[in-house]
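In the two complexes below, chain A is the common chain; its partner is chain B in one and chain C in the other.
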Partner chain A sequence: MTTAAFWILAVLAVAGGVMVFRFDSMARATFSLLTALLCVGGELIVLGLEYLGIVTVLMMTIEMAIMAVFMIMFMMNPAGLMPMTMVHNKRGAAALCVTAFVLLVAGILLAPWPRRRGRAPADPTTDLGMALMGPQMLTMMTLGMALFATIVATVVLATRRGRYERYGDDLRATRPDDPVRGGVGR
Partner chain B sequence: MNLEVFLIVAAALFCVGLFGALTQQSIVMLMMGLELMLGGVILAAGAAWHYIAPATADGQVLVVVAITAMAVEMAIGFAVVTALFRSREVDMTDMAAELRE
Partner chain C sequence: MAETAPLWAAVVLPVALVLVAWAAASVDARSAGLGRAVLRLLVQQRRLTRAADVLLVRVGTTLLPVAAVLAAVVLPLGFRSVSDLPDGIVWFNAMEALAWAAVWLTGWGPNSALSLIGGYRFLAQGLAYELPHMLAITTAALGAESLRVGALVDAQAGLWFAVWMPVAFGVYLLSALAMAFWGPFDQPVGTDVAGGAASELAGVDRLLFLGGRWLLFVVAAAFSVPLFLGGGQGPFLPAWAWTVLKTAAVLGLLMWARRRVPTVRMERYVELAWVVLTPLAVAQALVVAVVVLGR
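The block that comes next holds the complex of A and B.
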């Protein structure tokens, strides 16, 4: 059962990944990527990591929904009504990727992997929670800071007009440079 | 099933993503390639947890780190696309190349 699930998910994941770059339509490419990443979440569940698998599935679903919105905002051909290829250096990249894959597979097959040590706890999720709140606290704090920095950076990058546009680079302007004057006499 | 098979699937996902990230000109498609690469990393970390050291949670923590990296990449990527598009109406990597000089 798990073997069948593994192979179905593996084939779907890789096929979805390949189709992302073959579909003409951006929307289809997004959903193909969603398929691939959902299958990765499914593989995690096959491995016994139910919590992380479900987290992956939920996160990818929302992420791809957001991605579809951005696609339609920015891309010229969201519906795929005409054939579309926007690629550069296809041959070199293909050679590089095949080489990388061959090297990785050779390494995977030749490496002396350590033998399985210990057995999985009855509830890996509790284990993860205890690790993140205990010995791996530094990792958790770093992730938290990184996510906070991401929030700030995202807002800064996406802001159309900030205080530097309004008050000049040294923030010394007496009057803000607004396209429309404010209504309170400033 | 064993560790090698899982890692080979992860390597396949990683290399397909690498191909996309290297070839695609549209920044959003390039980010999709990065997402696929990180998907491969997630799978490899999960397999390493299950087949090498299931008694400790380090492999699971690695999966959490990779998922967070995915979220950060996505958010910053879209913010950069928005900023680029706003300043020069550009959504392709080749058109945003003037910093190269």
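The block that comes next holds the complex of A and C.
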């Protein structure tokens, strides 16, 4: 049962991944990728990592829904009305893909995998949480703050209208000058 | 105290959800003529638009009710749910997030400007409600120190979470409305864009999509009962009766709110959600964390 579920999800995931490069519509490619990622989430659940699997489903769904907006925004032919492809530089891409695939498979087959020592923990999620957040709490906190600062900095750099546009050059305006009225405090 | 229901409950669950949604929709429309409308949609032809991506429309319209039923798997009736997963709260959140994909696909597929606007509106609304929403359900989980829905209900044997986490409860009710794009948050299918994401849907597609929205609304409202209102806990009556009563009360409150509150545009709600609700929800989580640490 578990083995069957594993293989079905694995085949679906790979098929979804392949279809990303076969579809000629950006929307289809995006959601084909989402299908592949959801199958990966299912694989994690099958392997007994329920929390990680469900969180993968949650994050990937929201992420790909947002990603669809950006992918379509930057694609010259988003609707697939004319032939569109996700692949550029076909020969080079094919060569790179084949090389990477051969290397990975060779690594899987040739690596001296260690034998399992001890037994699987009763609750792998707790152990993972302790491993990430126990001794490395400071690292994770610093990492989180760095990522957050990056997001804020990117938004500040990208925004067209800052406080000088909203409140005037001397920041003295009582009401901000916004293209859309309403919201908090206005 | 939580037990897993027998296997046939998985078959009964969608039927029960449809019945509750039917009743709620009848009360909301203040008419008993819902059956006629459903029959009309069933025999109506599907609308085909030019250069539509039919596959994506089908996936989108089907995914919405499926996501609602999957989310309801962890919903306990009394103390029994179809499956009391150890990560039930995260499961609910993940399934409810599938609605993002469903509505956007339904909006994109028909190759029509108005439905596309509706689809994009739901993503904007999702960005607004999801952040405080996640904080609210995390706060409830923090109060019970567990992600299992059964453990949440057990933790409220004495005091309901709604009493000592009122902010999280309020935020949850708001996001329940927003995630079902219903009531004041109906802009993704708003009349100003001729029905938005649903504008090109007819026949079975329309029934699945709008019915799926009702299912999602009912499930979101019903999940507030184990999260904040003590689930099946209560004196005298059996546990299932308390669950039904509390769910009916929440549904009634939300349907009353729809008639009292005007539509909120999502760009206004984004600002309210990020500037006011998120800090409030964080403060609420902080209070709960301090209480839990001090226990």
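We adopt the following convention: the second predicted complex is superposed on the first by the 146 of 186 C-alpha atoms of A that agree within 3 Å, B and C clash if a C-alpha of one lies under 4 Å from a C-alpha of the other, contacts with A are read in each partner's own complex, and residues count from 1 in each chain.
In the analysis below, contacts are C-beta pairs under 8 Å (C-beta built on N, C-alpha and C of every residue); 3 or more make two chains touch, one makes a residue touch a chain.
The shown structure was predicted, so the numbers you read here are calculated from the model rather than taken from an experiment.
Residue contacts after overlaying the shared chain place A:55 against chain B and chain C alike. Looking at the shared chain after the overlay, A:124 reaches chain B, while chain C stays out of its contact range. Residue contacts after overlaying the shared chain place A:180 against chain C, while chain B stays out of touching range.
Looking at the superposed arrangement, the partner reaching more residues of chain A, out of chain B and chain C, is B. Using the contact criterion defined above for the overlaid structures, shared-chain residue A:96 touches chain B, although it does not reach chain C.
Shared-chain residue A:10: touches chain B; no touch with chain C.
In the superposed model, A:31 lies in contact with chain C only, and not with chain B. Once the two complexes are overlaid on the shared chain, A:65 sits against chain C while remaining clear of chain B.
In the superposed model, A:47 lies in contact with chain B only, and not with chain C.
Comparing which residues of chain A touch chain B with which touch chain C, the overlap comprises 55, 66. Listing the residues of chain C that touch chain A in their complex gives 51, 53, 55-56, 59, 85-87, 90-91, 93-94, 97-98, 100-101, 104-105, 108, 111, 120, 123, 126-127, 130, 147, 265, 267-268, 271-272, 275-276. Listing the residues of chain A that touch chain B in their complex gives 2-3, 6, 10, 13-14, 17-18, 20-21, 26, 29-30, 33, 36-37, 40, 43-44, 47-49, 52, 55-56, 59, 63, 66-67, 70-71, 74-75, 86-90, 92-94, 96-98, 100-101, 104-105, 108-109, 113-114, 116-121, 124, 127-128, 130-132, 136, 139, 143, 146-147, 150-151, 153-155, 157-158, 160. For chain B in complex with chain A, the residues that touch the partner chain are 1, 3-9, 11-20, 22-26, 28-29, 31-33, 35-36, 39-40, 42-43, 46-47, 49-58, 60-61, 63-65, 67-68, 70-72, 74-76, 78-83, 85-86, 91-92, 94.
The part of chain A that touches chain C in the complex is made up of residues 25, 27-28, 31, 34, 50-51, 54-55, 57-58, 61-62, 64-66, 68-69, 79-81, 123, 125, 180, 182-184.
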